[in-house]
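Same chain, two partners: chain A is paired with chain B first, then with chain C.
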Partner chain A sequence: MSKAEESADVAASVAEQPFIGQRLPRKEDRRFVIGKGRFTDDISVPGMLHAAFVRSPHAHARIRSIDTEAALKLPGVVAVITGRELAEFTSPFVCQQEGAAPMEMDALPVDKARFAGDPVACVVAVDRYVAEDGVDLVEVDWDALPPVLDMHHASDPGVPLVDEKIPSNLHTRETHRYGDIDGAFARADRVVKAEFRSQRLTHVPIETRSVVATWDEGREELTYYGAAQTAHILRTTLADRLGLSENQVRVVSPDVGGGFGLKLPLFREEFTVAAMAMRLKRPIKWVEDRLENLTASNHARDDAVSVEVAVLNDGTVLGVRANLWADFGAYAFYPPSYIINVIGWLLLGAYKIDNYEYTVNVAITNKCPAGTLRAPMAIVTWASDGMMHRVAEELGLDPFELRRKNMLSLDDQPYQSAPGYPYEALTLREGFDETLAKFDIDAFRREQADAAEKGRLIGVGIASVVEPTTYGSAWYKASGDDGSGHEAATVKLEPTGAINVTAGIVGTGQGYETSLAQVVADALGSSPANVDVRLGDTYIAPYGMGSRGSRGAAAGHGVAYLAAMDLREKVLGIGAHLLQRPAESLKIVNDEVVTRSDVGVSVPVREIARIAYNDPTSLPDGMLPGLEAHRTYDPPFMTFSNATHLCQVEVDAETGGVTIVKYRVHEDAGTLINPMIVDGQVHGGVSMGIGQVLLEETRYDEQGMNVSATLADYLMPTMDTVPMIEVEHLETPNPNTPQGIKGMAEGPVQGAVASVALAVQDAVARSGGRLEQLPFTPSRLLGVLRASRSG
Partner chain B sequence: MTAPKPRTIQVTVNGETITASVPDRKLLCDFLREDLSLTGTHVGCEHGVCGACTVLVEGRPARSCLMLAVQADGRAITTIEGVSGPDGSLHPVQRAFHEQHALQCGFCTPGFIISTIAYLEERDPSAGPVSEDEVREHLSGTLCRCTGYTNIVRAVCQAAAELSES
Partner chain C sequence: MYGFEYHKPSSLDEAAKLLADNEEASLIAGGHTLLPTMKQRLAAPSAIVDLGGIADLKGIREEGGNIVVGAITTHDAVAGSDVVQAKIPAMARLAGGIGDPQVRNRGTIGGSIANNDPAADYPAGLVGLGAIVRTNKREIPADDFFVALFETALEEGEIVKEVSFPVPEKAGYAKFHNPASRYAIVGVFVSRGPQGVRVAVTGAGPCVFRVKEMEDALSGNWSADALKGITVPEDELNADLHASAEYRAHLVGVMARRAVQAATA
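And then the complex of A and B:
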């Protein structure tokens, strides 16, 4: 069978499934709309204490001493602990990166604070009000050091080391080369340069970080309630660093008020709370306040891409040379090169380019540590599409024609990108054509020229998104980073016929309780109403790799589907025995095993379940009792989805304000489990991308103080800045994943960053403006317009 | 530092009159969540920007993170827990949020639902059908990080249409 036929085959089998593909309203909604969700801060345990943290007021300062006496005297304060004391009974986190110095992070810093907001002591008290009073009474004797704040000069002579255990503040510098890059540049008619720089951002889930840790003295067991996108990995780390066995730790991730990649690692505050719960043998809660969240959780996106593109005069792109920089902040929660490397291997985007070289540079600075914010590689599509526009501009060619000429289509696939990534079933050129078929670009250009006559600036941007969704364990092996991409699920048909499902993925708002029920219901011929999904509790869920990237659909739902199919086989085996028919002639429909041909011959699944549990001697010879299936699944090396985004804007030449007039997405995430949920993911991702281009920015002053520490200073997209987002789907199944599922969730951020940035650039291009640094705030836009007017 | 002295207050919460003793400095949101176990009111910023903590005080929307519990003395408060019918049936605004997929993580949802109810109840019925622009103008003070607002706008329009019929 050809790949295309295989895809068609998958599509046909998916069409038979009653629930996969349905816009089913979510099962979990009810508890949220009536105010009965159960988030971490809603958990309260008898005898519970509350923690608050003493934080560094300096960007970089040695801790001479910490005086806790006054705090300890305050009525209601139970304990105060410093990094030095914690280090006596906890182990540091060691972040390994192949070919680079490992970076260590203590529970709390012992000798030195490395950024403004760095936690250095923890006060535990009867309530949070008293704990915060206690924080004010802790006296730290600081010896301030010069802060390292500029990534490009972090390793200049005389600059102090941020992490004194590594040889340089320039933690990573490595070059990757593919094809004949020198030859490409030698043959080029010209070399076009472009820059794309992002500001520092942060996640801002509306629910901040929070934890409740309890120590069961009888069982000698720690229970950790807290948002954990990767609950099992967190359990392993907790046990390891607390000197516990992994079966002495239970992680429970209750309802989570948004994760966006923030609620992944074991943070120091949460770890300290767990360690203190053990030490004091008392439950402890910590809920971060918004100031802490904006200044001291994780930041992201502080990166820059500069490219040189070797081209022929006809618009053929021969090769690309890129230099990538990232400011990783003060500590390594992740291997420092990991995120910027994704930009590296993805930078060629939708285009067929054979010769490529990229260098990554990662600096450690006195800023809040970097983490993985939804689409860590967010600027990559802006860079790959943006560089093609620069090429077109310099060659005097039509940018959309030039992009189309170099763009991958289905006919080119399977295709291997220069850095070795497999592209399959991606509708890049097809989506681009579809978008342009619905948007009359020539008419728009006329409108734009007319508008310009009247002093109005309008522009359009189109982004071609390649989104890596699901990393297989082979990817981890090849990248040199420790880890796996497999996932696990357990499906149980209980004696009454009710179905329970669990898996290693952990929801933070994606509607898994509905979409997992849909795939399992289809596999078992049941209905989503009959399927209950429990995630995030390591007592219940099998060890999986959790929710990060966009792996939930292909890995998490893929494995649940496969487990349910294993169980289906057993159900049909029992049905065959009872009905005296071959199993191949049977199917399950509406919770009954029926024959494909004879009407009236059937047995309810409930009866099969009863026999499996309560009358096992009636099972076929040799079959074991019970109805449960557990399995794991390791997805391919890398799965991609793709999308085309179109954004139309108007820039107010007087105020510099940007209005988004139209926003349309053609998404191709392969087989969709619940298109309503996918639409919601597109809306949310686009909104975040709009925030990155127009509004959000984490700012530090020259002393390294965070000056965007409230939601009045850190501007998130509001209802009046985000337009209605139109979404259409192409559904090209991936031939290598269960049911052809590809997944998505980060691509919409990439697409919005690119399409909004390109649209604004298009709007100011006539006046000679060039935009290379996000965000495009009114003052920056006015500056650019003014400069181009006077220049 | 001396321990803050509690004060006795009487509030009516979701129709029930409650007498409680609270320290002066306790925020209304903390009082609702901790003392009354009404954890549906969420705290997203504690500085009055996100709107997650919105409750109705005497029928008007108020940010419970910007109010002290003692300031609520003698007043009637409605929280998300008091919105559905006594039989558990959903309020049209709650139902619209569900049907339009206007929530993802659900953390901002109680604040949005309360704000929407207040907005639609205060709105002049003779002003004609609610437009998307009008919704955006009225509810832009509540933040959501998940949904991009598209479906929230739709849900509010749906609820408005339904409520104006009844």
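And then the complex of A and C:
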């Protein structure tokens, strides 16, 4: 179908959508509430063994030898395997990045451990207790090396290489230029500088990484049970690295207790377990413990943005030059420049700035590898809005006026950002204006001044979020990264009229079983109760790109809707034949094909389904039996949604503690499938952003030991810190996606990082405090306050 | 965790005998401190002697003008006790601010003080009120009970039976807590009563300590203002991820003032 036809189709069907847009309770919650969810650790297979890993106590150390003898003698230990042995029958993962050195990663390291917690051997035993005892008995002869821990000095002379196969610890340094940047700076009245730095974080899903791998020696096939946000890509990688054909591997992602971008790649522990299951021909389970999760799963962020902004005295922003840094840790599960480049092209945020240059620097260090954590580009909104506030401060202008003046509105769109991204149907200035209309900023400034008299520090922050949700294949091509943005779905109307749906997206708690049922029910004139959704099993689901970013709605639900619309056409075709009416005059309502005009002429879908399967000779001439549709869909280059966040805080001037007093979100994610689920995404994302600004931090000491390895030290946001969050929706449909869906999920993190950080900055600004490094812990904040008071 | 024997005696004497007979035995009350260390294999007792079956150790009573709390009384029971709320509301609030509901419904006063975690709340309450710890062998004033980091005056085989708190005229507790565990980063308990004026600080140093200068100032003038400008030296204070020694020293002043402000009769 052409784009125009598709939108006409959309227009026709929008009128009859009883379920899209409804706050339906989540279908999947029943099984969770009655305790009948089925998570990986709930899976037990007869004869199953358990794995545990020997981990490096050093941040950087050569492995002279590994002695497994004592462990092998322990009753109950079945096998102990090292990286060297695994390398004999598995292939390494090779991470390619255009224009940079590829990085290789073995199943387990062979010669060297690269961070404290790096797994170097695996013990397989009859139960986890024995496996852990076995781990204690494995003796590794280490030769400790100096650790590389500071990204800014990772490539200084004399610093050892973390990965000896690449030329430098500074893996990536590249510059991107758009427009006339030199001219902009030459014309500027002034250049304003600002810095924004985020700490190292980790995902902390309630369900840690888990796997059960079974090898069926009869069929010669591997079944891998484990959370997999991208089940099919995982299958391809597993098959490739184990020397199997892709039809010998089945990946099943059962119920998942949170992914947050952690459960995407094939990790080394899971891979080792799969390889060992094959080798031992025995099922093996491994469930990561919390210590492993915090120290050795995947980290994220640890990035820094410094900008120079060329401005005119009237507040016109002529150009921006940015220098971006990221500490990627020890290995590459993703192309090292992938995330920091997203920060690069998104850094101008909501503002119309034509001349732009950014340089990315990515260092490889002796820390747990970094990867994608919900809103990998979270820093951009804080940086783009924050730099505008710095400009206003230096020019003595009102920051909100200045932002407004440079901010994109609907009138400016379609708009192409300096780095070439198409912005369409974004209500940035509109949301900003609406937020300010409901918050009397002048009254607040008076209240703030009064409070200051009494020694109280209060502040407000407003964030303008541009959230890239759905990456099309064209984006992957243009970025030089391997990959596709397409998605796939299959919809089946069974002989009794029951509907089964599957797609390539994989749920990790988003409520897909409900929202997919809503879109399919609408397309087929049925009800969500009649639609069952199964995801995450590569035997059932078609090959798609899984769940990452915020692609689930526009890509995953978009394609399911299109597939259901194809099926609808067939149903109507059969209905037309049976009712002797043109198909165009028919519609499906409440599982019945009825005419648009004449009341009383109808045929139940159930009857149509029966004929399609059990009486195909009654079908129209030439029509094939059965009722199923399979569709793929490649979304546009890039789809965006947007939001405005407002946060009001009070900072305790004596302790540095921050209390969030008010939190309000204006979200515009286009057409909403289930606004309740979207609200939930906002609540969760804002909580994560609050955690990033106020609490969470992965810390290493000078030896490279992780000193935040328990949940008493890695502080998660709880209901103590997270306030009531008010959410309002604008629904400006995207003209290029099915149903105008834009999707959302990461934006709330961006918005909270920015609005909370700006609010705290606003609260301390009066005392001259400047906050550039997250998190704003009480002790840090008090330090800033005291320094600025005495300074 | 490694294997161990389990005993549940019904009297204090029986418990003492079990301790004497098993060299590597450990008492267990709520288990909220002991079990995690056993799970991490940091502790490996050969036998566990569970105090939970000794009825005498449980409960709160008034005795000669003092409030007596049995060793296996949970934090929740102290927080919810009518007597404690009426006579020493600051102590009820202290107990009600320990950890979370799970912790408060398992953790006991005896376990807490025997463990003497530098960040625990009760040590500040006991020292701040001048309480007496009664064991199966003797009475120990709180000032002498808490000796050093995780170290108390308890001898081998000695069991905490109960704690006797004098009822103060005024008492208050303020703490700045770790957001996850709610252990004190700094907690200050202040009181004025039969044991004079007391200011006891937990969380800040390796062990609970009193601040003489603050006590003197409050003796002359019971008000938060009287504490202005009084500082504690930071050199012996704790430093960790969440708070430097300097920050803790600062918080001692802030929490002491807030404790005085919160102090009720």
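Keep this in mind: the second predicted complex is superposed on the first by the 777 of 791 C-alpha atoms of A that agree within 3 Å, B and C clash if a C-alpha of one lies under 4 Å from a C-alpha of the other, contacts with A are read in each partner's own complex, and residues count from 1 in each chain.
By our rule, a contact is a pair of C-beta atoms (placed from the backbone, for glycine too) under 8 Å apart; a residue touches a chain by one contact, two chains touch by 3 or more.
Note that the structure is predicted; figures quoted are calculated from it, not measured.
Asks: One more residue to check, A:437. First (chain B), second (chain C), both or neither?
Replies: After superposing on A, A:437 lies clear of both chain B and chain C.
Asks: After superposition on the shared chain, which partner residues are touched by A:683: those of chain B (first), chain C (second), both, or neither?
Replies: Only chain B is touched by A:683; chain C is not.
Asks: Return the chain, chain B or chain C, that is in touch with more residues of chain A.
Replies: Looking at chain A, the partner in contact with more of its residues is B.
Asks: Considering only the touch criterion stated at the top, classify A:624 as touching first (chain B), second (chain C), both, or neither.
Replies: It touches nothing on chain B or chain C.
Asks: Contacts for A:777 in the overlay, against chain B (first) and chain C (second): which applies, first, second, both or neither?
Replies: second
Asks: Return first, second, both or neither, reflecting whether A:707 touches chain B, chain C, both chains, or no partner chain.
Replies: After superposing on A, A:707 lies in contact with chain C but is clear of chain B.
Asks: Would you check which partner chain A:718 touches, where first means chain B only, second means chain C only, and both and neither mean what they say?
Replies: A:718: touches chain B and chain C.
Asks: Quick check on my understanding: which residues of chain A belong to both its chain B contact set and its chain C contact set?
Replies: Touching chain B and chain C on chain A: residues 711-712, 716, 718, 720.
Asks: Hey, which residues of chain C end up touching chain A in the complex?
Replies: Touch list, chain C to chain A: 176, 178-181, 183, 241-244, 247, 250-251, 254.
Asks: Can you name the residues of chain B that touch chain A in the complex?
Replies: For chain B paired with chain A, touching residues are 1, 3-4, 23, 25-26, 33-34, 37-47, 49-50, 52, 79-81, 83-84, 90, 94-95, 97-99, 101, 103-110, 113, 132, 135-137, 139-153.
Asks: Under the touch definition given earlier, write down the residues of chain A that touch chain B in their complex.
Replies: These residues of chain A touch chain B: 25-26, 28-39, 41-42, 44, 74-76, 129, 133, 137, 203-208, 255-258, 260, 287, 289-290, 508-511, 676-677, 679-680, 682-688, 710-712, 716-720, 722, 724-725.
Asks: So in the complex, which bits of chain A are touching chain C?
Replies: By the definition above, chain A touches chain C via 654-655, 657, 695, 697, 699, 707-708, 711-713, 715-716, 718, 720-721, 777-779, 782-783.
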